[in-house]
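Structures are listed in the sections that come next.
The same chain A turns up in both complexes below, where it pairs with chain B and then with chain C.
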Partner chain A sequence: MSAGFRQSQSSLHTWSGLIVGWVLFTIFLMGTVSYWREDINRWMRPELAGAERPEQVVAGAVAYLRDKAPDAKNWFISVPGKHEAGASLFWQPRPVEGQPPRRGRRDTQALVGADGQPLHARDTRGGEFFYRFHFDLHYVPVIWARWFVGFCAMAMLVAIISGVITHKKIFKDFFTFRREKGQRTWLDGHNATAVLALPFHLMITYTGLVTLMTLYMPWAAVANYSQTDKLFDALFPSAGEVVRAEKPAPLVDLVPLMRDARARWGGREIGTIRVAEPGDAAARVTITASQTDSISVRTPSIAYSGATGRVIWQSDGAQSAAEAAGVMIGLHAGRYAPDLLRWLYFLSGIGGTVMVGSGLVLWTVKRREKLPDPIRPHFGFRLVERLNIGFVAGLPLAMTGYLWANRLLPVEMEGRADWEIHAMFLVWGAALLAGFLRPAKRAWVEQFALTGAALIALPLHDLAGGRELIGAGMAGDMRMVAMNLTLLVLGGAFLLMAQKVHRYRPKAKRARKVPKAPEAQAMLEAAE
Partner chain B sequence: MTLLALLVAVAAFASLALSMEKHHQDLLKKRPLPRDRRAFRIAGWAGLVLSYALTVASWGAAMGSILWFGLLSLAAALVLLTLSRIAARPSAKR
Partner chain C sequence: MKPARAARLSVWGRIVTAVPLGYAATSLLVMALARLLPGDRAQATVLATLLSFGIYAALIVYVFAASSARKAFFVTLALAALGGGITWLSIASGGRL
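So, the complex of A and B:
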């Protein structure tokens, strides 16, 4: 490979990585913690008891819906998985002639337990927020956010491929990580996190783009399907719309239908149940398999008559292209993954986050030595250096702030779920600001140390309340215990990083022309 | 079985590292003969194949293949961290 080509790829890598690096860091970190979405949901609603049997919860949900929305157009019940408590359900009221369909479905949803009573848990978006944020962002229209995220993911793909080309000794350096060698160490760390989990990085970036392909590249769909409805029918086959018979008929018991569906799928768990036109003779019950048991997210479904319980429709296998897309989305989200594989996903995700973060820091490390005047670096350098602090150290701090808001905000507070999110952004804003105002090195240490301490304090706070850690452990709720232990370990890791940065003294190898005032030294050492 | 697959993968990567001049010197304090290097290389690749077979045997082809990539990353990271710790020891400095 010619040196010129490699050089051009190197510049491409540097700049495609830098301009979207902060967003990528955010997407990677938020996406990585989303692998534990259900567990974060559970942790953020400590009032709920452990999981119950799905059949009982569905029976409870139907009892609740019968009472609350007997004449709804549709009921949707998500059947709780192994680690969830209660079924979350929502219903679609019958549209009234001449009135626009209602927006916002706050009052048409509920979380219901096995006894048919709504479960009372604090109002929170839980882990769903991290998951949505990693492609929808927040405070901006969703479509813009997705285009922006897609653009960044594309740049990521470019950065990965140009990075592999730039990396001169990808195999010779495969096991190389030289400690405490300044720039060398940063480069080794960046390379190692990139190369060791390269299959993951490529897969996650590519499949991430595939999840939103019909948004980014609608042309194939536009050319082949005259109406969007037809496209969706092809992508997500269903039994078609239900026409009301206008004859009342009681709804059959759903539990035998669940058993029947499970038997037909060879024991797969059930994901969602939709009841269309409940209470009418034409009522239809559509049961869809859970995404936890197959790699593809396009799961089969069966429709039953709601009056007789007979099977009226079964989805056949998806078309090969749709199935391929389903497998790719599944690979990305990892919902099928058992715990062991989830952990590997999570660790690879952390690897990717560290790769992006170290790449960002490397940009400043490489340029620091060449600065004409290290005491007053030019604006671009300072901007990158300070944004790095606000994102790489500030975002984990902000996310910890979100978890703290979940524990500290009053349970009965109005708009509580929204305020948890506002709290996260307030902490993030403060961290960004502090990154610009404090001496760089001190800002790194402070934010890492604060994140570590705050993470460790979370389980301790619960322990002091006497609730979750001990109580959950006694009740055999190992998920809760595991989450708390993970918080402790993560907190320890952040404290360790703070200590490393704090103790770091650059080796005075080269004689510098500039005398080292304390201020200048802090600047020089920063980010290393 | 999965744990065994991970251990085999770690051993395989360690063997591959030993087939490389620099790491061989760090670990065994001597220059490897070309013959040794080839032996370590073959053993390493064979180990990777074996760990794949073990993973697929207990998880099936689809899930096993995905899991195997994850195990590889973890195993290689463990070997990398161990090697860098050994190389950073004062006695190992050349």
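So, the complex of A and C:
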């Protein structure tokens, strides 16, 4: 490999990494915590009891829907997983002639328990917010956000490839960690987190792009099909539209259908149930398997007649390329991963977040020594240095603020779920501002320390409330206990980081025999 | 031209070549690939789309590694023309589904 090639890739790595680094840090961190999405959902709704048997919950959901929306066009029921309380369901009202179809209304959805009654919990977006923010951002139109995130992910892919090329001694450097050596330590830390989980970073970035590939790269479909819908019909065959018979017929009991579907799939869990035209003789029940039992997100489904319970259609297995796409998306989302593997995902994600964060800090560390006037650095340097604080230290603080808002905002507050999110952005804005206003080192220490203290105080606050930590532990709700313990450990890690930064004393600068700037300029001109 | 100015021009030339032009070239190459891959059309379409991000990344790495910005520009343009030409010929002769 020629030195020139490696040099070109080093610059490509530095700059493609820097311009999107802050966004990537955000995407990585939000995505990483989303591996515990269900647990965060659970933690942010402390009123809920533990999980119930899925079949009973579905029966409750059907009772609720029969009462609330007997003449809906479609019912959608998400069957709860092992650790989830209640079935979240929504329905699509029968469209009225001349009115546009309604979308995403709050009054057509509910969280219902086995007794057929809505579960009462505080209004929150829970872990779903982190998950959606990770590719949809917030306060901006979703489609712009996805293009922007895709652009950043592509830059990440290029930064990974050019980073590997730059790195000639990839394995030797992996075992090198020079502690307390300033720039070398940052470089070694960046290298260690990058190389340790390199296959993960490469996989997660590529598969992340694949999750939205029909948005980013629709052109292959355009080359083969006059209408993209034809491709989707070929890839995702279905039983077809339901035509109403306009003859009432009672809906069959769904529980035997669930048992039948599970038996046909060798015991796989059920993910979702859709009932089209409930109450009509042409009603159809489509049961789709959960994504927890296979890597691929392309899970099988079976359609039953809603009037007789007979099977009327079954999906085929996906073909090679489509299956590959399903597996790639599944690898990204990690929904198939049992707890131990989930921890590996989480830790690898933390590794990726640290890799991006240390890369951002390294940019400033590398340039600080070469500044013409270290007391008054130029604008670009200061901007990067200060934004680093507001993102690398400020974002974890803001996310902790979101969890605190969940505990502190009044339960019956109007627009409560939205205010939890506003609270996160208010804290983030304050952290960014403080990053610019406070002396740099002090700002790092303050924000890390505050994050650590706030994280540790969360379980303590619950403990003082007497209910969640001990109560949950007594009730055998180990997920709640695990989440609280994780918060404690994370808080400890942030306090440790604050202490490290606080104690860090940069080595006295060696007097270097470098020509001063004007002299260098003169030399350049003389050389021309 | 002063060396600094030439260097800056080269960098901006490469960025324009890599990002928008590179995306266009990748799209046309992926369209050609979707036409040329054997077997079922839906599968060929998905496979070409899956490969697209790798093609784009490789093209960007090349554009920044090429000996000159000018050369990178013309190679990328040639790849775009190749992909576009194959796609056009293939659709003109075989049509779309």
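Assume the second predicted complex is superposed on the first by the 507 of 528 C-alpha atoms of A that agree within 3 Å, B and C clash if a C-alpha of one lies under 4 Å from a C-alpha of the other, contacts with A are read in each partner's own complex, and residues count from 1 in each chain.
The rule is simple: contacts are C-beta pairs under 8 Å (C-beta built on N, C-alpha and C of every residue); 3 or more make two chains touch, one makes a residue touch a chain.
Please read these numbers as outputs of a predicted model, since none were measured by experiment.
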{"item": "Touched partner set for A:Leu341, first chain B, second chain C, both or neither", "value": "first"}
{"item": "Touched partner set for A:Ile295, first chain B, second chain C, both or neither", "value": "first"}
{"item": "Which superposed partner A:Ala192 touches (first chain B, second chain C, both, neither)", "value": "first"}
{"item": "First (chain B), second (chain C), both or neither touched by A:Ser162", "value": "second"}
{"item": "Chain A: partner with more touched residues, chain B or chain C", "value": "C"}
{"item": "Residues on chain A lying within both footprints (that of chain B and that of chain C)", "value": "none"}
{"item": "Complex contacts: residues of chain B adjacent to chain A", "value": "2, 13, 16-17, 20, 22-23, 62-63, 66-67, 69-74, 76-77, 79-81, 83-85, 87-88"}
{"item": "Chain A residues touching chain C - in the complex, by the definition given at the top", "value": "5, 8-9, 11-12, 154, 157-158, 161-162, 165, 206, 209-210, 213-214, 216-217, 219-226, 230-231, 234-235, 319-322, 324-325, 328, 524, 528"}
{"item": "Complex contact set, residues of chain C against chain A", "value": "3, 26-28, 30-35, 40-50, 52-54, 56-58, 60-61, 64-65, 87, 90-91, 96-97"}
{"item": "Residues of chain A defined as touching chain B within the complex", "value": "172, 174-180, 192, 196-197, 199-200, 295, 331, 336, 340-341, 344-345, 347-348, 351"}
